[in-house]
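Multiple structures are listed underneath, in structure tokens.
In what follows, chain A forms one complex with chain B and a second complex with chain C.
Up next, the complex of A and B:
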């Protein structure tokens, strides 16, 4: 145990995800030894992010205004919505530069053991958005793990009666890998999702 | 060879994945119910990367032949070969998924590191997941049957015919979770529920695996039986099974 401020800093850093007691101690001593100007910038960034950043009132993505930069952009296709679990998934899809539609961030995936059911996600907000007749397709881009698949199944069931095209991201082999190293689940999915090679 | 060497700390076992937690950048903590080593918590390194070789084999409801290395607090998964892949069929039906999650959470609560006692729980859970993935019976009936049998395997076998307290031959009209099932008129604690006779017959059928009788039961008796099973489970576990409230009941 250290005295006062140092121990308080270690305790606070230790509450961050992925930071154990040793890492918290290392970070605390790095902060103690760092240039005061660098630490002031860090403190300002922490305060600013909590004061300025909020969630987009339309899609739930992080934004500094009431609506995010993607929802404000008139060049984005309003007929397609890509449903993702977290804001960081928006950035992953944006990096592909192949999707020009808009997003809807659910805020997680269905995980009953953790107490997260459909009511805890932004599914009601998605259904409200679908009242807009311009929307023609929903792309479900939840994670390809069990919670993500369960969320996709639930969404597909909810959206089945609305009459909008509902698609799911393909699962399969990673680009650059060898077929012999693929596990049977992924390879099975790749076979199911095969497409016509003759254009 | 030193007792602490890598080879000495390596062991192999069949396991069913109960749940996963994210760890660090790309790792996961996997909670497993093994056939011979009881409940094991192990780190699976890099499984959240899309290039992971065994990420898909360590998803919940998967049964795999695993090689693990003992660690101080957590073991490490070094190899995984799939033995039963039930996740895909289960997750394709949301109702089935909620049932399977409730079963794995119950298995996690009922088991510990005691390998001998866990073997029966392991076989019971794998059988229930397989039945669920094949769609042999209504998912909710499979869940209630699994819960009753898992509790019986854990040492809390209920009685639905003879009185759970004085063993007077039944059938009896009252149910007490605290006393262990059906209770006679003399042993009945005040305020005990009085389920329909058909509900008690259904509960006995679910416990013994009499599926023709269970499949032919009426919805109102299934609902009543589900409520009694849930109360019996929570009384004996002494904690809430969180996923039970998310189970979709028809």
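Up next, the complex of A and C:
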């Protein structure tokens, strides 16, 4: 245990995700030794992000204005919505540069153990968006784990009656990978999701 | 069939051992020493390499030497003249890891199936006398030893079950409120029903198939161990077909219903689970937990026309427990015809508990195995058929006595 301010800082840093007690201590001492100007910039950045960044009123993505850059962009295809769990997933899909539609961020996945049900997710907002007749396809891009799959099943069941195309991202082999190193579940999924090789 | 045996075992911070080296030979090895010196710790480590679970404790914590953060089990297996080295790291605060042939660390699960063992222990009496969980675990562990990838089926099911139970528990309070369970909750339950049906059907199908393979061996092993006047049979009682009440009591049902279930295949079982979950929705909401599924099934052991549980004598209980272990050995041996991966037999402190007749019969059956590890407090407990290399286990170390 350290005295007063140092220990307080370690405790605060230790509360961040992915930071254990050892890392918290290292960060705290780095901050102690750092240039005061650098630390001021860090503090300003922290305060600003909490003050200025909100969530897009349409898709739920992080945004500095009422609506996010993607929802405001008129070049985006208004007929397709890609449903993801978190804002970071939006960035992941954006990096592919192959998706031109818009997003909907759920804010998590159905997880009863953590007390997250459909009511805690932005599913009602998604349904409201679907009143817009321009939307033709929903791509469900939740994580390929148990909770993500359950969320996908829930969405698929709900959207079935609405009469728009609902698709789910494919699961399978990583590009550039080796067949022999693939685990059985992934390989099994790849078999199920195989496609016709003759165009 | 190629020979497989454990040639060297090395433990670091495992149980009472700071460090211990145990060179081994094919054939019979007897570990002798007073109680509390660490005989069982040695064979427990071998079995842990094979199943990633201990026959003595359910959590890994007690396997670490008291006050340490990490234990290591290292083993060298000789497999048809080739060496395979296994290293398993048991960690107190993070996931266990394994290394095969000194390659990069992999998930512990990846070493399943490399070193196969069948372990006999006094705790096996619970297989016959204990609650159904013991028999389900027996079946599931054998399944994983036989088909390592079924570990994923089992853990998938456990995860779905946990989530669904959490949901049912939170919905239970709504069920008893005036408003009742909301439509949203019902729809969410439908989703978990679907996922649990898929996972449950896979686990059920795998268990049923395995039990069909076990049945003939079980009957034969029991005959070998006894005078043959009674027959030991195992029937799978599934909550799916309503052969079990919610409290696990066996309801009426034809004894070969499991054979019919086994023939259905995963898609049909999935469909039936979905239906069964829908039918039991109200009861499950009342209790706030999952009542139907492989986690509540039973493997019923029948001795003649009476259930072994509750009706078998002490001697019969022992014979039935040994027969279950022997049957799993025979199933693995049958499988080894193709894989060349014969199991190592481990007999932990069993001979002291058996009468002379059962001792002799068991000894003559197991003496033919590729490698047998036996522990006993005194040499006199070991039947003549199993006299092999004797190793003395003393406080903190071992001494080899030779022949």
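The rule is simple: the second predicted complex is superposed on the first by the 199 of 199 C-alpha atoms of A that agree within 3 Å, B and C clash if a C-alpha of one lies under 4 Å from a C-alpha of the other, contacts with A are read in each partner's own complex, and residues count from 1 in each chain.
The rule is short, and it goes like this: a contact is a pair of C-beta atoms (placed from the backbone, for glycine too) under 8 Å apart; a residue touches a chain by one contact, two chains touch by 3 or more.
None of these values were measured; they are calculated from a predicted model.
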Overlay on chain A: chain C relative to chain B, clash or fit: clash
Which superposed partner A:153 touches (first chain B, second chain C, both, neither): both
First (chain B), second (chain C), both or neither touched by A:174: first
Partner chain(s) touched by A:18 [first = chain B, second = chain C, both, neither]: first
Partner chain in contact with A:184 - chain B first, chain C second, else both or neither: both
Touched partner set for A:117, first chain B, second chain C, both or neither: both
Clashing chain C stretch [against chain B; choices 184-192, 220-228, 328-336 or 364-372]: 184-192
Chain B and chain C footprints on chain A, overlapping residues: 112-113, 115, 117, 146, 149-150, 153-154, 157, 184-185
Interface residues, chain C side, partner chain A - complex: 149, 152, 156, 159-160, 162-164, 166-167, 170, 184-185, 187-188, 190-192, 194-195
Footprint of chain C on chain A - complex, ascending: 110-113, 115, 117-119, 146-147, 149-150, 153-154, 157-158, 184-185
Complex contact set, residues of chain B against chain A: 19-20, 23-25, 50-51, 53-57, 59-61, 82, 85, 87-88, 91-94, 97-98, 101-102, 104-105, 242-243, 246-247
Chain B partner contacts - residues on chain A that touch it in the complex: 18, 112-115, 117, 145-146, 149-150, 153-154, 157, 174, 177, 181, 183-186
